[in-house]
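The same chain A turns up in both complexes below, where it pairs with chain B and then with chain C.
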Partner chain A sequence: MKAFHPLARLAVTAAVLVILMFCRSVTAAAVGLVTGLCCIGLTDGRKSLLKWLGASLLTAFAMAVIDPLVSHRGMTVLLFVNGRAYTLESMLYGLELGLSLGGVTVWLTAGRRLISEREMLCMMGRLSPKLALTVSMTLGFIPRLAETQRRIRDAQRGAGLFADNSPTGRMGEAMAVFTACAARAAENAAGAARSMNARGFGRHRLTYSDRRKLRRADIILTAAEVLLTAASLVFAALGGATEFYPALKFGRYEPALAVICGAAGLPAVISLAKEVIEWKLYLPKG
Partner chain B sequence: MKKRDILFFGGCAAAAAALLLTVDIQTPAEYYAAHPTAITEDGAFIELRVDSSAVAEGGVILDGRYALAEGDSVFDVVERVLRAEGISLDYSGGRNIYVDGINGIYELDYGAQSGWIYKVNGTAPDINCGEYQPVSGDDIEFVYVTEYYGGGR
Partner chain C sequence: MEAVSAKGLSFRHNTAKKPALEGVRLSAAAGELVMLMGSSGSGKTTLLRLLKPEIAPLGEVSGEIRIFGEKAAAPQPKVGYVPQHPEEGFVSDTVRGEIMFAPENAGLSPEEVRRLTAETVSRFGLGKLLSRKLDGLSGGEKQLVSLCAAMVVQPDILLLDEPFSRLDPVAAENMAALILRVNRELGVTVIVAEHSAEQLFAECDRVVFLENGRVTADLPPRKAAALPAVMAYAPAAARAFANAEPLPLTVREGREMLAHSEHLVEVPLPKSKVFTEKVLEADGLRFAFTRGGEDILDGTDIVLHKGEFLALAGANGSGKTTLLRVLAGLARPYAGKLMIGGKPPKKAALRVGMLPQEAADLFLQPTVLEDYRYALKAMGKPENMAEEMLARLGAEHLGNMHPYDLSGGELQLCALGRVLLCKPDILLADEPTKGLDPISASRMGHLLKELCAEGKAVLAVTHDLEFAAFHADSCAIFCGGRAESLMPSPHFFARAGFYSTAAGRISRGMVKNAYLTEHLQAAFGGGTYDR
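This part shows the complex of A and B:
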């Protein structure tokens, strides 16, 4: 995927995210999740793929179980919980929400593998430096926090703290690490703000340099992704979304939405698979 | 395992058990056996009518006398009866209920002012059907109207 311009890679990620977030289709959500998992598997390996698969399925299952407890709509009553109907349709709605949520999370992670923070800053900084900085900070916040947490935990364990491996001991360790992590994040934020101020952020005109040029393949891929996104939104508006209430009814354009969602994510999967195969073939045999 | 771990797990188990004890799970058959919709000889009741005859594909969907349980709101009894009769009911909200559709006939299907209103003894109350508590013998009517302002009221 690195062969493509960051704009084309951003278009692929954004297209799938828009479809997952705005077209309430259960099949499109499932297809989006599968393509996202393929990307994760190809970039991070089998172990990471299984981890994300388990987390996504657990999320979908939890949403399917919890949603009927708060929403009592639907025709098919499975149970009555405290006198309120626990319906099949509400379970399926929760399942769809869980699949979409899992898909969006997986694609946000896959997006970070497809476009680096630096590329994002470079691309969006030309339009709006503040927006670029905000997007970059938002997308990078959780991974950076997780990395910082890991380093603080290792340092504390290295110093002989929190040797107790019992559940309450681990909880105590987690709380201590989180406190240190939050303090460090606050210090870093103040440091970054001082540094930006010292460099005159937002006061002067900026110059840019980008050695990557948009090639024909990049333009075609970006245009195709924009078209697929627009088509998915039109199909969803015309009745492609799954109807859950009062009874489950698949939308008229449900298959089309699933195909569009798959087609939007497929370039990333194919390109990443090609890179993996190429790297395997180029490895020296010995 | 240390004493504080035992206390931690014991506390978690006690909290889970307390939560489970407050949850009453019933199958539909058990629920309708405990909350019958059919009236008994000396039990409280309401007259319920669901009417969509104002629109082409409509008609009287339901008309009958049904049991009223203590503490029931208009919505509680209507929801229970419609579920028992296998008639679809689509609504939103928690305590303040908004009825979107009954039997596949939805608000806004027949114009900007079309939708479901409810009446008790012939007049539309000023409070939500999720809060209105009827008394035995009340006439409850859910009517589909195409003009809310003026005509429907």
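This part shows the complex of A and C:
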């Protein structure tokens, strides 16, 4: 998938996420979950695939069981809990919610495998170099702050302070360490400002140089994903979504939505599968 | 042609009463390598920052600074600056972002930015680090990135503030070689402020020595090293053969001098102290940051006795600090046994104190005295101990100062006092001489020895082998997650092969048991020495 521009990869991920979140179709949710799991299996291996499959099914099952306890709509009453109806429709609605939630989580994870932090910054830098710099500085600042916080806490404990593990003792420690961290962050900010000045910050328009050209294949894939997303929203609006109440009824364009959802995620699956096959069959042999 | 010239340069910080620099005269011809030396707080950093107008400190300036004949004014892209602490200067989150920062801010086209980056990365061998996060780099790698981030816009003058202070001997040698390449092969004028003389002293064109903000010597290295004021800062070879003519500056020159002179072939090994009472015993400690991850401590055994000063040497990133954290109870080993005074840490009657590597981490209050009082109050101890501790350290004059305004030596001294407030029986010191000038490092060593004489035990991790050899009773080298070769330091250093002091390397194969400059002096002059 790395052969494609990060924008095209972002388009694939975003298209599936939009379909899963806004189309509310049980079949599309299932298809989206399956393609997402395929991506994770192809990037992270079988162990990770099984882990995510188990977690997604567990989420779907839990939602299917819990939803009828809070929503009592639907015609097919399975049983009564505390005098309230526990319906099949509500259960299926919960299942669809669970599948969508699982699919979204899986695709967010797959998205992180498909597009790196740097590539996201790179795309952001194209739109706004200053915003990309701010994000990059923040990403650098957070681990440094966490490390400073750990160091200061260790230094205090190593010098005999905050040995008391009571809630008030810990609160006192947290406040003292936080204050010291804030002072250190201000000191470090002065250092960073000096470093930025020393390297010419603010004297010229900022260039964002970490760019990659969009090729024809990237443009085609991005355009296709945009079209598929638009089509899915249109179909959903025209009656593609599954209706659960009063009785389960598949939407008129539900098969089309499932196909669109599959088609949106398929380029990632095909591309990743091709890479796996190439690695397995050809590359090790030179 | 003069690349840098400063005449009658004086500077006083906005809040200070005394000037930081007074009538400084400094010049560096194009392509020269100039070394700025002097004690902590002598004005080296202030002088360097004044030479880069964009980051000049705030205060009263008088005198004149010229860069390539023109009056220095911001912006000054011809001048690159590498700060003392690379982390403080990092702006981005990745190596790539950090290297690209300067060219991206220079108004260049994306193609030009990428070309400059590619050139720098290839020239300085940064390729493998390019996509790494900055917070995951070792000290040496961070220093390298900091240097490259300054070099990427191809400056004509490079200012370096203590580039070796945080590096182990091997990383420091690599960094020194790189700086020399920049100077010799690229023709860049280099001005480097540094305490450690072992790396560049012999190679530089001139040594400029600062004392209390004044230039007291500006001479070629061989002449500078002969001056009494500079001698303490000079390389081991110069100190060992202080009266020789010509004065040797490197290990190689020292060996040649020794080889062509009459000398003793052996000096008596200093007596090893005998310690009996164990206060800390670690047996097979194992520690990893994640389950199944690499063992940072791989079955570490260590024994520390009452009154003993044990130095643990080793490379950056070898796990020395992690060992101290485990011994101080700040990190938990997943296997192994730790006994403090014969009891498990939670039941131990003996107290363990730790002097951290970043001394500033200890201070939570705006002045040293207030901080001491705060700590004493938090520990339920009488607050008047604060003044007593400052008096004991001879640091009464520092009580009302902000910890961040102290020089490296002063800060380390006050940090030691802060840890001693908890009256530790065992003191764990993490790189206690890091960034200190030789005089401050020696003072720190004597203070730690005094604590041992009082019956406390000290375990110091350090990559300063001279410090370990001179002050420690016992020594070990930490490698592969274990403390290897733990033995009395005279035996440790007398047996050391490659990983030894400069004096030990000079005497190798010629004078048995000589690992201190004092030993070499005794062997060379036939005199005696006294530890």
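What we mean here is this: the second predicted complex is superposed on the first by the 201 of 286 C-alpha atoms of A that agree within 3 Å, B and C clash if a C-alpha of one lies under 4 Å from a C-alpha of the other, contacts with A are read in each partner's own complex, and residues count from 1 in each chain.
Going forward, a residue touches a chain if its C-beta (ideal position, glycine included) is under 8 Å from a C-beta of that chain, and two chains touch if they have at least 3 such contacts.
If you're wondering where the values come from, they're calculated on a predicted model, not measured in any experiment.
Colleague: Considering only touches as defined above, state whether A:Pro143 meets chain B (first), chain C (second), both or neither.
Modeller: The answer is second: A:Pro143 touches chain C but not chain B.
Colleague: Does the superposition put A:Ala159 against chain B (first), chain C (second), both, or neither?
Modeller: Touch status of A:Ala159: second partner only.
Colleague: Kindly classify A:Arg112 by the partners it touches after superposition: chain B alone (first), chain C alone (second), both, or neither?
Modeller: Once the two structures are laid over each other on A, A:Arg112 reaches no partner at all.
Colleague: In the superposed arrangement, does chain B or chain C reach more residues of chain A?
Modeller: On the superposition, C touches more of the residues of chain A.
Colleague: Classify the contacts of A:Gly191 with the two partner chains as first (chain B alone), second (chain C alone), both, or neither.
Modeller: Only chain C is touched by A:Gly191; chain B is not.
Colleague: Would you mind listing the overlap between the chain B footprint and the chain C footprint on chain A?
Modeller: On chain A, no residue contacts both chain B in one structure and chain C in the other.
Colleague: Where on chain B is chain A touching in the complex?
Modeller: 1-2, 4-5, 8-9, 23-28, 30-31, 35, 79, 83, 86, 88-92, 101, 104
Colleague: Can you tell me which positions in chain C touch chain A when the two form their complex?
Modeller: 52, 54-55, 74-75, 77, 80-81, 83, 85, 87-94, 96-97, 100-111, 113-114, 117, 131, 133-135, 149-150, 153, 325, 328-330, 351-356, 358, 360-364, 375, 378-379, 404, 418-419, 421-422, 424, 428
Colleague: Please give the residue numbers of chain A that touch chain C in the complex, ascending.
Modeller: 118, 121, 129, 133, 136-137, 139-140, 143-144, 147-148, 151-152, 154-162, 172, 176, 179-180, 184, 187-188, 191-192, 194-211
Colleague: Taking the complex as given, what residues does chain A use to touch chain B?
Modeller: Touch list, chain A to chain B: 73, 75, 77-83, 85, 166-168, 245-247.
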